[in-house]
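In this document, chain identifiers A, B, C and D correspond to the written order of the chains, with residue numbering beginning at 1 in each.
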Amino acid sequence: MIEHTTHIRVRYAETDTMGFVYYGNYPLYYEVGRTELMRSLGIPYADLEAKGIILPVTKIEATYYAPARYDDLLTVKTRIEKRPSVRITFRYFIYREDTLLNEGTTVLAFTDAEQHRPLRPSMEIENLWNEYFNY
Amino acid sequence: MIEHTTHIRVRYAETDTMGFVYYGNYPLYYEVGRTELMRSLGIPYADLEAKGIILPVTKIEATYYAPARYDDLLTVKTRIEKRPSVRITFRYFIYREDTLLNEGTTVLAFTDAEQHRPLRPSMEIENLWNEYFNY
Amino acid sequence: MIEHTTHIRVRYAETDTMGFVYYGNYPLYYEVGRTELMRSLGIPYADLEAKGIILPVTKIEATYYAPARYDDLLTVKTRIEKRPSVRITFRYFIYREDTLLNEGTTVLAFTDAEQHRPLRPSMEIENLWNEYFNY
Amino acid sequence: MIEHTTHIRVRYAETDTMGFVYYGNYPLYYEVGRTELMRSLGIPYADLEAKGIILPVTKIEATYYAPARYDDLLTVKTRIEKRPSVRITFRYFIYREDTLLNEGTTVLAFTDAEQHRPLRPSMEIENLWNEYFNY
């Protein structure tokens, strides 16, 4: 398993009339989580794009347990729990202190930026998965 | 079953560097879909809030089949497929012409705006469900 | 002068904890206003981009007179008041019924999408300005 | 003068089809700038709201010099240059390394959250201005 933790301060822009973070903004927090996880692995997403690889999201699931509010300092734990193939699944756990507010999963597909076709990750990336997933 | 159809024009703001609608913006389209469905039923969400009822989202699922792009005119079909209780499930189907681009589900909870407790919908709303769901 | 009127329904996503439309969302409404004005002139912005012309914003000014709220049906009046050159200035007036809520101005620059250099608009566009601005 | 510096990492969500940060997202960066400046002064905006004071924006001006892109690490310098009264003016300067990308100004009004009337800041805040602006 690969895990990475980062922090996000809730912006006023991200809240809504209820005084909660709007449900559609959690995907942005997930994006921050997986961006920072990938940077920590030495494969920043910006570098993938520069090599003609994009990672569109093909599936999302999220459960909202409790609301986040303006100025909350959130902890985002992001995990890759199973060896990625053409698809890569990230899981996210968003906390305010010890309270789990939100949990989510996204599936992304390694895709050729030009032809929009699925793409096997490079040997460099395959080797990276080998380090973490011994099967 | 209750079904309602509305249309959304993709804004530039909603696209990203890939040239696609950012995955986190589909929940906004779902919101438009369910807002217009509820208005068509005679229970605009704004009226519920005025009566102290809020409908926070507790769960979302979405599948992305093909990208939407700037200025696309999308069709959003929104459905309530089963009789709501304290929870109400909406399903969404987003098309560009005949192509299904995205499909999603959200679960929302009728909630007391003051005490943030689950709330049974009013008789007026119960009667409305009775019209559509004969069980 | 060129003027065009369109309508926008405020989304819950666009509001904030104050219960008002977040100030950073008015530029999105301006975008809708100028997109629809350009479409009405027969030069949809999407077509310009397809021809390698982009129109980045170089300047914005906005004044907020009164808040817009969730589900408000806004009227957006968009104007080109002076003949565009390499730069094009749009003015926006956002109303809820007869109340002016917000007023803004954006300056955009006709730009080569490849080289990111300023670009004289095509003869077709120049002729269009000739129809409206007789000087 | 009061000055504060903070950093923002550009999210994919904030970019658009041009590959640039969407012009309507700079106000979000300004919000982060002034939030962190106020926190550094010992008057976090969340505390003001808890006391029934809101600070809606009444005016914005921004100039866009050069685009920011996905994953750029931006520096936001925020300044209060003149003694606030009922209104408070913030200036923002957004850099990528040494390049000034964007410059903006917002005016906000100390406002009673209940009655939506202009409000004189508390003695505590007046004393704070006295420390920085000797007139």
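As a working rule, contacts are C-beta pairs under 8 Å (C-beta built on N, C-alpha and C of every residue); 3 or more make two chains touch, one makes a residue touch a chain.
Just so you know, these numbers come straight off a predicted model, no measurement behind them.
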Any chance you could check whether A-D or A-B wins on number of contacting C-beta pairs? A-B
Find the pair in B-C, C-D or A-C that has over half of its contact pairs, by residue number, in common with B-D. A-C
Distance from the mean Cα position of subunit B to that of subunit A, given in whole angstrom: 24
Separation of the C-alpha centres, subunit A versus subunit D, in whole Å, is 28
For subunit A, which residues are shared contacts with two or more other chains? 12-13, 17, 24, 27-28, 31, 49, 70
Quick check on the complex: what are the subunit D residues that touch subunit C? 17-18, 20, 23-28, 31, 49, 54, 56-64, 67, 106, 113
Enumerate the contact residues on subunit B facing subunit C in the complex. 9, 11-13, 27-28, 31-32, 35, 44-46, 49, 70-71
Within the complex, subunit D is touched by subunit B residues 12-13, 15-17, 19, 22, 24, 69-70
